[in-house]
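Quick one: this structure, given as structure tokens, is what I'll be asking you about.
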Amino acid sequence: MGEYGLLSALDPITLVEGVARVVIVTSSDGGDVRALYQIMEFRGFEKLAQGRHVEDMPRIVSTICGFCSWSHHLVSGKAVDAVFGRKPPARAELTRILVNHIQILDSHLLHFAFIGLPDLALWGEKQRDITKLLAKSPEVASAALKTRTVLKRLEKRLVGKIQQGPVVVPGGVARGLTREDLGELEKALRDVSGAFNTLYKFFEERVVESELFKRLLESEEFTVRCYSMGLVRGSALEHYDGALRVVDSKGRVVHELASPAEYTSVIGEALVEWNHAALPYYKLAGFKFPDEESTIMVGPLARLNVAEKVPGERASWEYKRLLEAAGGKPVSNVALYHWARLVETIHSLEALEEMTRDSRLLEGEVASFTGTPSSRGVGAVEAPRGVLIHDYSVAEDFTVARARIITPTTINNTSINTNLSRVSARLVREVKSSGRPSPETVSLLESIVRSYDPCNSCATHCVRIGGEVITTSFTIVVLNERGDVLWRG
Amino acid sequence: MLRLAVLPGAVCGGCDVALASLGERLLELLKHYEVVYWPTVVDRKLSDLLKLDSVDVLIHMGGISVEEEAELAREISSRARVKVSFGTCSVYGDIPGLNSLYTPEEVYEAIASQVDARIRSERLGLPRPIEYSAYTDIVEPEVLAPGCPPDELVLDQLFELLVKYAETGRLEARLVLLGDSESLCNKCPRNPKTSKVVVPGIKRLYEVRLDENKCFLEQGVLCMGPATRAICDHSCVRVNYPCTGCGGPVEWGSDAGLSAMSAVASALMADMEKAVLEPGLVGELDEVRDVVGSFYRYTLRKSLIYKLKKARSSGE
Amino acid sequence: MSWSPRVVAFLCKWCSGAAAETAGVMRLRYDPSVTPVIVPCTGRVTPAMILTALLNGADGVLVGGCHTPNDCHYVAGNFKAFKRVYMVKKLLQQAGIEPERVRIEWISATEAPKLARVVSEFVEEIRRLGPLGGRRA
Amino acid sequence: MRIGVFVCHCGVNIAGVVNVKRVVEEARKLPGVVHAEDYTYMCSEPGQELIVRAIREHGLDGVVVAACTPSLHYETFARAVERAGLSRYRLEMASIRELDSWVHLDKELATEKAVRIIAGAVAKLAGSRVYEPIRLEVTRRAMVIGGGIAGITAALTLAKMGIPVVLVEKAPTIGGKMAMLHETFPTLDCAQCILTPLMAEVARHPLVKIYTLAEVEGVEGYVGNFKVKIRVKPRGVRVEDCRLCGFCERVCPVEVPSEFNRGLSKRKAIYIPFAQAVPAAYVVDFEHCTRCGRCLKVCPTKAINLDQREELVEEVVGAVIVATGYELYPPEKLPEYQYGAEDDVVDSLQFERILDVQGPTRGEIRRPSDKKPVKRVVFIQCAGSRDVSHLPYCSKICCMYTAKHAMLFLERVPGGEAYVFYIDVRAGGKGFEEFIKRAQEHGVVYIKGRVARVYKDRATGDVVVEGYDLLDNREIVIRADLVVLALGMVSALDKKLTEALKIPTDPYMFVSEVHPKLRPVETPAAGVLVAGTTQGPKDIPESIAQAASAAAKAAELLIRGYIERDPLVAEVDRDKCNGCRVCVTVCPYGAVEIVEGKARVNEVVCEGCGACAASCPVGAIQLRNYTESQALEVVKAVLRVK
């Protein structure tokens, strides 16, 4: 692309506002428009992991992300188990699954209440956040805040800290849960379910029924036809363990990897010069950008695409409703992300509800000490935002020689850009004609990013540069081929 | 109404979550403060913040890792009456500080060396990575709130402090280090406060079945408790995991890693030194393959060893 | 100007320190780049003292104590020192600084010649390693 | 700070190499230094006067003397500064002679080094504080635990110095192992003849209080004031009323093996260990007594009381001497020698009893099994000793007493044969080598080699000893009447006592002394001393010598009624302390303990090594006048100088 050559010489952005930045580049004729969702971080966990005691990794990597710290903690734990060749006893395994569900619950509710709802419910307004929502519909906002307090209290109780708390040790967990713990869980679930129903009702009435939502569901700009990847157990929705399945844009199963270690046969990583974070892509298609053929999507939508059923009465019912609204599988409209999160939230609520009665959580060993060590260990879990993979190689003394970390947000980067590019074409047209885009268009653009719920601290685990994590706000910059700023939001 | 700004540097978001977990008390704060900037929670652009010539309280989260971040932190700090360094990244550098021993290039190479493809493409301006530092390395805050992330104890104290400041317009001291000024050991439920604490040998976490009541050091498991400021209610110890030292040193400015190292080494096999002799002791000490990660996981950026390394490389 | 090494030697007053006195009485010769700092016992030497020395311009640090297992005037201070110094060396190594810049030796009061030899050898080693660059201008 | 620096020329000793004038100039530039001068001989009268005058004229509050070493002249200059009204803790010496001018030739470099050394001293002084000496009132009374020859000697030595002594013995009589011996090497004088007068003397001594059948239950306090709890078992016989008539013994129906004769004879349930026992009184063996009451009836003085209870008494003493002695290595652990299985395999102490005229056989040497006179004896040395799977150490006395045994046997049994299996013969000691020679001249056959096995020939009743002669390099089989095992020595000390007294031991329960050369009778626990075989294998003269020296050390502590100590010990900032216990762990003297959750230093016990200070994770415990900040300042100071 010749014109980018020109661009590469220039550094038009003097002000960095956080990590998230959408840069839209257009050719003179406006024919070639592409949006780059740019992650500029450089935190370097791959480097700082080197030389660490591998068993310390679960604690260390949990600071990659303060939102899905437990996902990183757990997946790292699984990678460490693999290194020591240990299989956690049932009690430990269940404890981890429980923790993982709480992670999903926490993150989904946070995004749904603090970003999803405001974004859709306050459509068209300049400031679309919880504080505004608080003014508009206090009962919803306070319900949202309530879930925070309850969950945080629960997490503190179970894992000591509200995040970055310790759960796993090689081959198990540090401590087994007690009857009291489960009692607390039960109480918390009651409160959360209560608050959740308020949110759910609001979503039903104010979002699903809204003209806007219907419009978005038809919007081509909100559509992406690419591969979906996720864990499945049997063929049901799974978040902690199971096989890594890939379905194509037609919904056909193209891969089903029994062991996460085989991920390298499906996923490649490319380093481009406009981004610090590597871009994962569908290996068999080779790296093309932006191109749905080499794009893999992970996360709630992808999970619903790879799975054939969702356990749990209410969850599976909600799942069916979603599919109806989507007009069947595979689901390719990103506006449905919010709904997909609802389905999973319900699923986790139901799963946890069941676990409060599971006596296996209270009996038996908490860790196993037998197994044949190996020099490499790979783990995969479903983080709230999608498949998360940790891949460690160790020296004989079990210190980390090499660590590779692939996060959902980096995987989704290309599919985000696909959607963004579609809206950008319109945005550029508006900018060229009237000098500024319409609020509607800007909202669309922001809305796309928000539905993906990109977790930039995850994405930027490889980079230290900070910035807001859940992107409620980010810069949009429009450049011409010479790199002049045509417009900045 | 006072102005409160929350400025993230290099963060993971944990601090955002921690601050947000004030929950209903946030609303209490909103009675005294207008949140003029908090990108994670409030949809306001940085440009809005930059329009203000002053803010009353600035809460800075995260470390500093790019030129632009440093400039921004300095700029906003210069306009703030009270600067709160929030979270261990901001105060001590935290885990990203482990990269302090490497250059940004070395760090980048670790990533680049693993990818399947390196694509020549358009090159958009990316922020200039500088050597990672804590917020406290470039600005002198009035309040330090350590913790990875700050725990209830610290959040409570900070909440009190902010409300008080809103009412009185004054702080207790020129530099306030939150948390209790004692080490975690002092109130540790596992510290019998009698007898000795002989470290029988050093065990790595994969080698030991953790006793839920016994002092970790007495199980041969490294615990930073003795040298770590009490900024939590033994969060980790309570769930049967040794303290890893995210609270930093008990006193601002001291080197927690060295103190802990000296304490542990001294107590190691104190009762059988003459039986096992140097080789026996070396055998145990070598169980610690990763000295930095074990004793400096959160405070390397502030350590003597870092300063030495720095002085060295600048000397070369 | 040409660089000359700086070495700080923490010598316990009972053994290595006494050996240094005897070395004087015997008029033995050793390298003057070493500054002796007499401590009550090597068990009193902290990692902080060693790193502070390196950070303030010392290119090497020598710790001299009584022979193990039984010579320490204070029963086992020398073992405490040994363990701490060993950890400091590991720390230096990990930070990419030659651990050879810190050395611990057991030298009894009667071993004045050994003291002289160790000191000169150590200074030679530091010369070979070159300046540490920890010097604060 | 107003510090004065005084640089000594020591004639040409220093000035010949170090440019003293320059040192003085440089010293003036050091922070806190307000005055500096030099003089030919600082230690001389005029030199000292010059310091005194300077302190007064310049109002100095600190003095650094750059000269020789503290070991030579610290006292000299300390008195000088005290004359000028300054505390001795405001004096530092910079050893620029031994550590500088005497070891370097290069004047330039030596001069720089002198300045660095002085800079360090100045920096340290800047952080020094003034302290009063520690003074502690002590209880002028000592306790000796163990009434063997070592304990008796220690007790008598102290008593003769006028220091009251409490002697605690767990047996019914004092005398210990020596009382069992027949004759002693190398002089072959009778053990009882030299021991029993001492036993009587100590019992008579007005300043000695003896507890028999007594054991230390617990110890509180520390040097100067130990509160010792003693458990005293009932004797069942009022000592003062017992006339030793022996009626009780005769009527007593219960028979048990005699400890004193090591099971080779029987005694009654009411008995006297041996004729010269002290206290001279019978004792009831309550373990075996059936309480039939016959003795009560026959006792002319009604001295017997079978309902006597054991009691717990407390004694307060200023020092404790541990002299608990030794036991023989349990022969059951050496099954190849058939001890216990065969009556004709005996241990060395049993053989002492066999030789003894008061012994089970009235001194006639007969085999225990069938009382047949013994013609051939095999002595096996190093039974347990010098054997990694048993006792890696040498028990030291076995070579000598075996030679003694063999020689006495040959004297008693004309035409008898004595064979000794040995690894090495260790006869390092006055008259020892000669003694071995005599034994060999007497016809004792020494066989270098180990015994493979010992068994009884049922037909002949012989004990057959199969061994290997390393010198002749051949199997050797001896059909003997009696086999005597020279069992190794093990400490009689138990954990209960070592823990109560906070004294460390080696893996074989022998007490570890503070310093094996310089302080051989002192344990790391201040005020606790050790004598005799409790510290390691010894013969009688060594035990006696050590006991006397332990007594002297105890007297040193007690004689003045108070102890005065250098105040430069550790102290705790209790606000900073977190009770992590590391200091308690590293202190070799048990001088630090956790009180109300925080560390507290016992100033009297602390020796001021600073190990605790260097280990404290929060800098709460510091060594006076060698605080961490002082140490760091010294380091920076010496490096700051060009």
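Observations
We call the chains A, B, C and D, going by the order they appear; numbering starts again at 1 in every chain.
Quick note on the criterion: a contact is a pair of C-beta atoms (placed from the backbone, for glycine too) under 8 Å apart; a residue touches a chain by one contact, two chains touch by 3 or more.
All values reported here derive from a predicted model rather than from experimental measurement.
Counting C-beta pairs in contact across A-B and across B-D gives the higher total for A-B.
In terms of their C-alpha centroids, the spacing between subunit A and subunit D amounts to 71 Å. Separating the centre of subunit A from that of subunit B, both taken as means of CA atoms, is a distance of 26 Å.
Rounded to whole angstrom units, the spacing between the C-alpha centres of subunit B and subunit D is 52. Distance between chain centres (mean CA atoms), subunit C to subunit D: 34 Å. Shared contact sites, meaning residues of subunit B that touch two or more other chains, fall at 259, 262, 266, 270, 290, 292. Each of residues 46, 48, 52, 70, 76, 80, 84, 94 in subunit C touches at least two other chains. Residue positions of subunit D with contacts to 2 or more other chains are 586, 611, 614-615. In terms of inter-chain touching, the protein chains here follow a pattern that is not a line, ring, star or complete graph. Shown are all chain pairs that touch, namely A-B, B-C, B-D, C-D. Of all residues in subunit C, those touching subunit B in their complex are 46-48, 51-52, 54-55, 68-70, 76, 79-80, 82-84, 86-88, 90-92, 94-97, 131-136.
For subunit B in complex with subunit A, the touching residues are 8-18, 20-21, 23-24, 26-27, 35, 39-46, 61-63, 65-66, 68-69, 72, 94-96, 98-99, 102, 104, 106-108, 110-112, 114-127, 129, 132, 148-149, 151-152, 204-206, 209-210, 212, 232, 235-236, 238-241, 244, 246, 289-290, 292-294, 297. Looking at the complex, you find that subunit B touches subunit C at residues 101, 255, 258-259, 261-262, 265-266, 268, 270, 273-274, 277-278, 281-282, 285-286, 288, 290-292, 295, 304-309, 311-316. Contact residues of subunit A toward subunit B in the complex are 1, 4, 7-8, 10-13, 15-18, 23, 25, 36, 38, 40-44, 46-48, 50-53, 55-56, 59-60, 63-67, 69, 80, 84, 114, 118, 126-132, 145-146, 148-149, 152, 156, 158-167, 169-171, 174-175, 268-276, 278, 283, 287, 289, 367, 369, 397-399, 402, 404, 455, 457, 462-470, 472-473. Of all the residues in subunit B, the ones that touch subunit D in their complex are 182-183, 185-186, 191, 193-198, 225-227, 250-251, 254, 256, 259-260, 262-263, 266-267, 270, 275.
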